[in-house]
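Next, two complexes with chain A in common: one pairs it with chain B, the other with chain C.
This part shows the complex of A and B:
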């Protein structure tokens, strides 16, 4: 191993330690019977049982997941249509303007977006609750989905569409059998980006929750005044583990489907394995 | 393509499944239905068992939501869009809400338990005759200190904070009214003073405190003091109780020059839908045994004199948190000084903070 290589590995190691140390610190104390994060007194599962007995907290976790799944699915679909439309625009200036407008929404501060939504919803007379949270999550996820999908569309060679048309594909076929499969990796990454944005969004959600409807980030924040209990650590540990399982699962599934696809393609072309 | 459709189908199925589960949990907890009462309170500021008991006694289902600052709560209620039947703001916020017409008057005939409240805590400046608010918890501002580190300083006076032995060892709560109030009190002025000369004098005095100030912090002050990061700190009594719960070597004192007396009161916002339920809830919270149970759970001081008798002696007899009337008589409640004066207080405090930085 060269020195350069070793240096790189050390660097990588340090980065990962910095990224994961706080999470493991938090997980470690979720088993602390002492009730605080100052000193480890003994092992207990008390905080985990507290999480499962706190129905309100569980409802809030479910709310958070439902909002994340629904909003990112809807936002991805809107984002696909939006990206296709933007890609169609021939005039460069119009296209750039629309793209910049899309990007402005991504960089503009969450608090501003949240406050504007609050004002909009109250003027429109929409009751704060599930609908208002869902709508605003969809809204801030759409630009992200567009931004993930558009580059992939632009990467696609126009000759691919031409060839399909020449071979007699209808417009619908072109969309369904050529364009969408080609951009599907980008669609998935857009979906997952939107999912994570929605899961941890505090600033926007803070403004638009109401009438007994709340998400995890808002709930933890308002509990913080009285000192966050270790049951929040326990809950965070569970969520972290769930995410790890999902990521590993996704990796395994995508690897096996990739192998299958390679096999299929090889069979189609008549290439012996 | 099929692949994508399948993924989206799974996502939707999972989402709707979870929604059904949440709805089921909600109805099993009784969070749905028409006879509901929406309560907006500070985080972790009520014993959850009491909500269950209230629901069982009255058949009203409670939707409980929390906030973390008076300002956040004010914004939500001002904007409408929510239908809170009960909110629990602090004294100055009540004054503000009254001014902005956000409150409904309380029908005293429906709250007979109001008589159980210690008269000291009724008819106060921010709400004469308790037309709009009913006391929930109260407390003071004082000094938490670590006798092991401060060696003999008794902190009977605010001036003890200026003791040169405390160099770089004092933490302050980040609040303009609180810290300006400390300085004004230490000079013998009222913490509602609006005399410009007095305010300037208070600022100069604060600047002399700078070498002793380690940091001006928010909620972290509890953790820092409990961990012994500083010898003394200016905090609210409720925070002090929590700090001392964590670390019992610490002690709390309200200096004799005077200090702030604060209140969190129950009010009925203008947006309330269930007025009858709101009155029932207020009256329920004033039941002596309920108030006592709540005070024991939350750890703040109850204004309910009947409840006080039911509390264990080591809580109710603790004069640090239940100071006798000769102490409270020279404590002051914040007056609403108006937007301009409040801005001026903030400016002076900011000047002190910059000087410190």
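This part shows the complex of A and C:
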């Protein structure tokens, strides 16, 4: 048995090595003064200073962040509304239909979403650029937010709302003071999820960025096609560090919400802590 | 609050659904009926049934299938080993972490790793296998795709494994089943739902990996995703691109109930 456990650990170790190899490979060569991704010649921070002096690149990073934050915020709001809407539906068939429609954008291949949005924006006369990218990111983040929020909403005991109503709360008060606080951990994880999808998206964005506008993934794509440049390595190292910070933040948030949920469950069952 | 204003706040969601879910599908279907000059025609559908597109469809699904299969083969033991570790959640997080790194950066790293002077070739040379062209062929395409999708396969399988009631395994062992039989007859069937949603999470995006076919496969692998991108952004033949998209949607609609992915998401 211990033998088998060790085998599993060795296997996991190999998987981890392969998973992280490309990332550390990029980081390692970001310090290479040789200017290529083979043969490390000497340590330099030249590529980092190049990144920080590349105004175009900095603007693109800002664009990417603005799009991600704005689209996730708006998508989360629409997602809350959507989850409330779906939760209200009593008839099972209608509910399932709406849920399937909700999931269409999650299960469609990215190219189809990109292509169909390109047609949509062209017909609607929306200029390709900031507006089209923002709209499409909102569009594909909404179902994710809904899927994160809905289970939490369904977990909520209806007696809570009844009690609030009995105590004379208006519909608005029920929403603002009872429902929203209860689902707030789910709202937060929905927002984070939308944020990751937005930051990571390439295929959809590639279709709807016209010529003047660019986000990070589109820019990396065009630079990678042009050939190796170590400033991409430097940039990816910076992104990796930022990501680690974000992930740790997300982990802490989700862990504390999980702990809260456990406490609530224990309280519901009357288990003393 | 009056009765009529009650549903008012629901409008943004339903508006989103009409504008960004229903309308795009209708538009794609509509555009598939026009040729490159804007004349109404069914010729796009006729040309889809020529050997060129048929072969592309087949190879597209073949690659997606290969990628899904290899991801599953790598991910299942990994997910299983994960459930046996201490601090599972932390290790799982470390598996998920690479997915937060932009896909294109990882693809870009592989250009260096698999390149002529990259570490893999140096290793080959060191053990006397000689230099090889690893980049720009179907091997590198499948390898990098599997690399990218593995975390998405591990997650649902890990969750399914965690959901198994341990007494079932203990019972199986008590009844004299070997650990292999337990794995095959008890554990694997109980994790099928996770396997299925993992396969969905890999198979569908695998159909639209046009950036990898360009960066890693050097345009030697052409999938339906590549074809759609080519028609929309390079040749500007939106009609033909839409036709390919329509078929991709149709095939997906047929496959979805078979794979039963929708149910997992709904749960």
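Here are some notes:
We take it that the second predicted complex is superposed on the first by the 223 of 273 C-alpha atoms of A that agree within 3 Å, B and C clash if a C-alpha of one lies under 4 Å from a C-alpha of the other, contacts with A are read in each partner's own complex, and residues count from 1 in each chain.
We take it that contacts are C-beta pairs under 8 Å (C-beta built on N, C-alpha and C of every residue); 3 or more make two chains touch, one makes a residue touch a chain.
Predicted model only: the values in this text are computed from it and were never measured.
Overlay on chain A: chain B and chain C clash in the combined arrangement. Greater residue coverage of chain A by touch, when chain B is weighed against chain C, goes to C. In the superposition on chain A, A:6 makes contact with neither chain B nor chain C. When both complexes are overlaid on chain A, the residue A:251 reaches chain C alone and has no touch with chain B.
Shared-chain residue A:29: touches chain C; no touch with chain B.
Within the superposed three-chain model, A:221 lies in touch with chain B and with chain C [touch as defined at top].
Contact with both chain B and chain C is seen for A:118 once the two complexes are overlaid on the shared chain.
In the overlay built on the shared chain, the residue A:53 is in contact with neither chain B nor chain C.
Contacts of A:210 after superposition: chain B is touched, whereas chain C is not reached.
Working note: chain B versus chain C after chain A overlay, options 150-158, 222-230, 258-266 or 312-320, clashing stretch identified as 222-230.
Overlaid on A, the two complexes show chain B and chain C touching the same residues of chain A, namely 36, 38, 77, 118-119, 206, 221, 224-225. Of all the residues in chain C, the ones that touch chain A in their complex are 1, 6, 9-10, 12-14, 16-17, 19-25, 27-28, 31, 74, 77-78, 80-82, 84-85, 89, 91, 93-113, 115, 117-119, 122, 147, 150-151, 179, 200, 204-205, 207-208, 210-211, 214-215, 224-225, 228-229, 232-233, 238, 241-242, 245, 248-249, 252, 256, 261-262, 265-266. Contacts from chain A toward chain B in the complex involve residues 36, 38, 55-56, 58-59, 62-63, 65-66, 69-70, 73, 77, 118-119, 121-122, 126-128, 132, 176-177, 180-181, 184, 187-188, 191, 206, 209-212, 214, 219, 221-227, 257. Partner chain A is touched in their complex by these residues of chain B: 1, 3-4, 7-8, 11-12, 14-15, 18-19, 21-22, 25-26, 28-29, 31, 38, 42-45, 63-68, 72, 75-76, 79-83, 219, 222-223, 226-227, 242, 246. Residue ranges on chain A touching chain C, taken from their complex, read 4-5, 8-9, 11-12, 15-16, 18-23, 25-26, 29, 36-39, 77-78, 81-82, 84-85, 96, 98-120, 123, 138-139, 142, 147, 170-172, 196, 199-200, 202-203, 206-207, 216-217, 220-221, 224-225, 228, 232, 236, 239-240, 243-244, 246-247, 251, 255.
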